[in-house]
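Take a look at the structures listed below.
Two complexes follow with chain A in common, the first pairing it with chain B and the second with chain C.
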Partner chain A sequence: MSSETILRLDNIVKRFGDFTAVDGVSLDIYEGEFLTIVGPSGSGKSTLIRLLVGMDELTEGSLWLRGERIDQTPANKRPTCMVFQSLALFPHMSVGQNIEFPLKIRGESAEDRRNRALELMALLRLPEHYYTKGVTQCSGGERQRIALARALAFDPEILFFDEPLSALDFRLRKALEKELKDLHERTGKTFVYITHSLEEAMVMSDRIAIMNAGQFVQIAESDDIYARPNSRFVAEFMGEVNLFGVEGTGSGELHGNGVEIHVNGRADEFGIALAPGKQGTLMVRPEFVKFLSSGETSDFVVRGVLRAEYALGSRIQYKVESADGSNLIVENLREDRYQGHVGDSVILGWDIESTHMIVE
Partner chain B sequence: MERLDRKHGTLSSLPILTILLISFVAPMLVVAAFSIMPRKVFSLFNIPDLSAYAALLEHGYYRSLLWSLGMAFVSTIILFLISWPLAYGMAKVFRKFTLVITIAVVISLFVSENIRLFGWVLTIMKGGLIEGHLRALTGVGFESPLYNVPIIIFSLVYVYFPFMLFPLAQGISMVPDDARQAAADLGASRWRVLFEIDLPLAAPGIVVGSLLSFVLAAGALAESKILGGQTVIVIADEIETAFTYGQDWPLGSALSMVLIVIIAVLAIYGIAKVDLDAIMGKKAE
Partner chain C sequence: MKTPRILRVALYVYGVLVIVWLYIPLVSVTFASISKARYLTFPIKRYSTAWYAKAVESDTVRDIVSTSLKVAIIVTIISMIVGFFGALAFARYQWRYRRIFQKLILLPIFFPQTVLGLALLMWFNSVGIIPTWKTAVVAHLVWISPIATLIIAIRAYSFDHSLEEAARDMGASTWTVMREITLPLLMPGIVSAGLFAFLLSWGNFPLSLFTTGADSTLPEWLYAKMVSGYSPLVPTVGVISILSSFCIVLIAVVVMWGMRLTRKARS
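Moving on, here comes the complex of A and B:
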């Protein structure tokens, strides 16, 4: 991934009548990166991607590909292409004909087309005899690979994905996520992916842009966005999280409701300080919260009652009701399982290092 | 359960099946039988021969057949070309306005075909609605375009328009929008999208519409009689004459059989080529 900009979005706006679907979005997409745009349904991400590939026209703003303005260029003249949510395979064509379609449009010879199609089928691990098979007879995962092969045959400057995995079952989706990341590395192309699934975004992306109500809320590397969200929305959207309202009391100290804070003036040092009287939201992810034995203490402590226990596979999740009635979520690895029962009074604690402050 | 369903299905379709056998298949068999009787007999108890079929070649009836098929062919092509844009609009663009067009086209069917054709005669004949007014107002008239082959083809196009339009619109509505968008996204121009995506995927509608228009136009009679003034004699005209004035049932039957066979071959060929279930709704598995 270089830091050279391949596609620049400059204050893009899309309105449908009175409704503003995309509300002034600016972003530089870098050459060779895997960027994922994540947002809840209705956040405008699908509209945005349709603007980027040229299927809809911008209301305002401009779009620049390697410094050349392209927002007036129709989709069929742009060197980008998209893998559709529905995949949009051509049902009347065989697997081979589907993959060769962009090459046929370009007027390449039948032999070259066939060779390239077979190459791509090998790359995506589609058996060679599928070349003549009808696409309607292929399974969901195979169709996914065919759509990818077709897009790669086009050899786009940027490959866009509109939630192409959303219709697949869980296991297949997990496998394909990794394949897609792998494919990104092997081809070195710029991938722009949209999804409503945070997990999908985390597995694959170099950078994540979180979208809500037609705007980007935060754009950052995936680890950053998980550990240091810039708003409650992002924190909550990026998986389960515990949030507390806190207030700065000066000299590196904080005061919180429902949480005992023993930071001993170190708030500045760990970047969670607040000016006196200023409100903030303290965030800690469930995997950093531990059960404390009596006598043990920690930088942050909450007392409560264990209300529920859920097995999540490799991890166990606990729901704890704190003294002031709010719920906390704790996740432990299976081997660190809490030795107790639902209904027990428990003490929870976590370190200042795993705490993040959100100021909005 | 499934077997019971099938049994009930068979039983409840029996009455209509019987009526179809009697009213549709039986006359066809009678016509087929009469076509191999000697000329001008009125009974099936004769020694079969092929004299009626021979007359097709000897007396030039094949020319009428060629005129009918030729005009049907040309009118079907024209119908396809003029219906496609409108059908496309109805299926993909117009939304609610589609209903208005549908009603407008269907209403024209409420008036009998003959009356509509006579309406055209009065409109375009010399001294009729258009030429008469033009001459009265400007002093300059024009020759009537009536009574020639182009006007027959025009009237075939006019009369069978709905039979092309609706199946075509149905066919086009089956073309998935995302397939069209994907094709454009992969570099295809509008024309390429039309030829690579729209036409193949709308094929069931195209075949049904073309078959209906062609079959109806090939057997059409009133258009050539009323607007065409019998400039050319179509095969349906010959068949009618053979059965009535000619009193030659075997000849009429033989001409009918030739037309039926040609159309049946075309229909079977066309239908075999496309997935009719796609347009008629899927059969239960």
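Moving on, here comes the complex of A and C:
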């Protein structure tokens, strides 16, 4: 991944009548990166990607590909290509014909087309005899790979994806997420992916842009977004989280509601200090919260009652109701599972290193 | 739940009876055409194919068949073309007057054909067009092209808009998208629309009666012969007409089958 900009979005706006679907979005997409735009449904991400590939026209703003303005260029004249949510495989064509379609449009010879198609099928681990198979007879995962091969045959400058994995079952989706990431590394192309699934975004992306109500809320590397969200919306959108309203009391100390704080003046040192009287939201992810035995203490402590236990496979999730009635989520590895029962009075604690302060 | 055996047998018998009931008229016409006697009596005493020979030799029969065929073929071709574009307007594209168009196009189908025929005849007269088989083509089209449009529109509704977008995204121009994606995907609908158009035109009586003028189509001629001067030539030509319809359906099936095969062979 270089830091050279391949696609520049400059204050893009899209309105449908009175409704503003995309509301002033600016972003530099870098050469060779895997960027994922994540947002809940209705956030405008699908509208945005349609603008980027040229299927809809911008209302305002401009779009620049390697310094050349392209927002007036129709989709069929742009060197970009999209993998659709429905995959849009041509049902009246074989696997080979589908993959060769962009080459046929470009007027390449039948032999060249066939060679390239077989090459791409090998890259995507599609058996060679599938060349003549009808696409309608292929399985979900195979169809996915065919759509990818076809998009790669087009050899786009940027490859866009509109939630292509959303229709697949869980296991297949997980496998294909990893394949897609590998494919990105092998081809070195710029991938722009949209999804509503945080997990999908986390597995694959170099950078994630969180979108809400037609605007980007935060754009950062995946780890950053997870550990250091810039708003409650992002914190809550990026998985389970515990949030507390806190207030600065000066000299590196904090005061919180429903949480005992023993930071001993170290708030500055760990970047969670607030000016006296200033409000903030303290965040801690469930995997950092531990059950404390009586007598043990921690930088942050909450007392409550264990209300529920859920097995999530390798991890166990607990719901704890604190003394002031709010709920906390705790996640432990199975081997560190809490030895007790639902209904027990418990003490929870976590360290200052695992917290993050959100100031809005 | 398993259907009891007795009920299944009863259903089969009932089904067979319905089919027999439907086909008895056709069978009796066939018998009438191969009887040597001038009028149909049962049991048939002597069989003969003499009337078939006469039908084939007759210049009148040849004339009316060629008129009917001309009308039906032209109606079929125009209906397929008009129906294809009409269906795109009906089902695929968003445009301002689409809802009105969708309703207006249905009107000719709901009109009683005799009234439609009469109205067209009066209109042809008032603008000074002398009715011939060509005006019949126009009349048939008024009624048949909406049907063809609907048949193709059903197909057009069921296809995914993103297929066209994807083709365009990969560099295809509007015409290439039409040729490579839209047309092949709608083809089964277009072929069935053509088939319907042909059969509806071939067998149409009420519209033809009003609008052919001095020319005569096969159903008109059959009616005229029934009213004045029945001979076994009437059922004979009737049977020939049914058989040709059947052949057309058969050809269409073979064409569709062939298309599927060549597509397989090409890939």
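To be clear about the criterion, the second predicted complex is superposed on the first by the 360 of 360 C-alpha atoms of A that agree within 3 Å, B and C clash if a C-alpha of one lies under 4 Å from a C-alpha of the other, contacts with A are read in each partner's own complex, and residues count from 1 in each chain.
As a working rule, contacts are C-beta pairs under 8 Å (C-beta built on N, C-alpha and C of every residue); 3 or more make two chains touch, one makes a residue touch a chain.
It should be emphasised that the depicted structure is a prediction, and the values quoted were computed from it without experimental measurement.
Overlap between chain B and chain C is detected when the two structures are superposed via chain A.
After overlaying the two complexes on the shared chain, residue contacts for A:55 are found with chain B and with chain C alike. Of the two partner chains, both chain B and chain C are touched by A:154.
By the touch criterion stated above, A:94 is placed in contact with chain C alone, chain B being left untouched.
Contacts of A:36 after superposition: neither chain B nor chain C is touched.
By the touch criterion stated above, A:86 is placed in contact with chain B and with chain C alike. Of the two partner chains, both chain B and chain C are touched by A:105. In the superposed model, A:76 makes contact with both chain B and chain C.
When the two structures are aligned on the shared chain, A:132 is found in touch with chain C, with no touch to chain B. The residues of chain A shared by its contacts with chain B and with chain C are 53-55, 74-77, 81-82, 84, 86, 88, 90-92, 101-102, 105-106, 150, 154.
Put simply, chain B touches chain A in their complex at residues 176, 178-179, 181-189, 192, 196-197, 200-201.
Of all residues in chain A, only 53-55, 74-77, 80-82, 84-86, 88, 90-94, 96-97, 101-102, 105-106, 131-132, 150, 154 touch chain C in the complex they form.
Contact residues of chain C toward chain A in the complex are 160, 162-163, 165-173, 176, 180-181, 184-185, 263-264, 267. Within the complex, the chain A residues that touch chain B are 53-55, 74-77, 81-82, 84, 86, 88-92, 101-102, 104-106, 150-151, 154.
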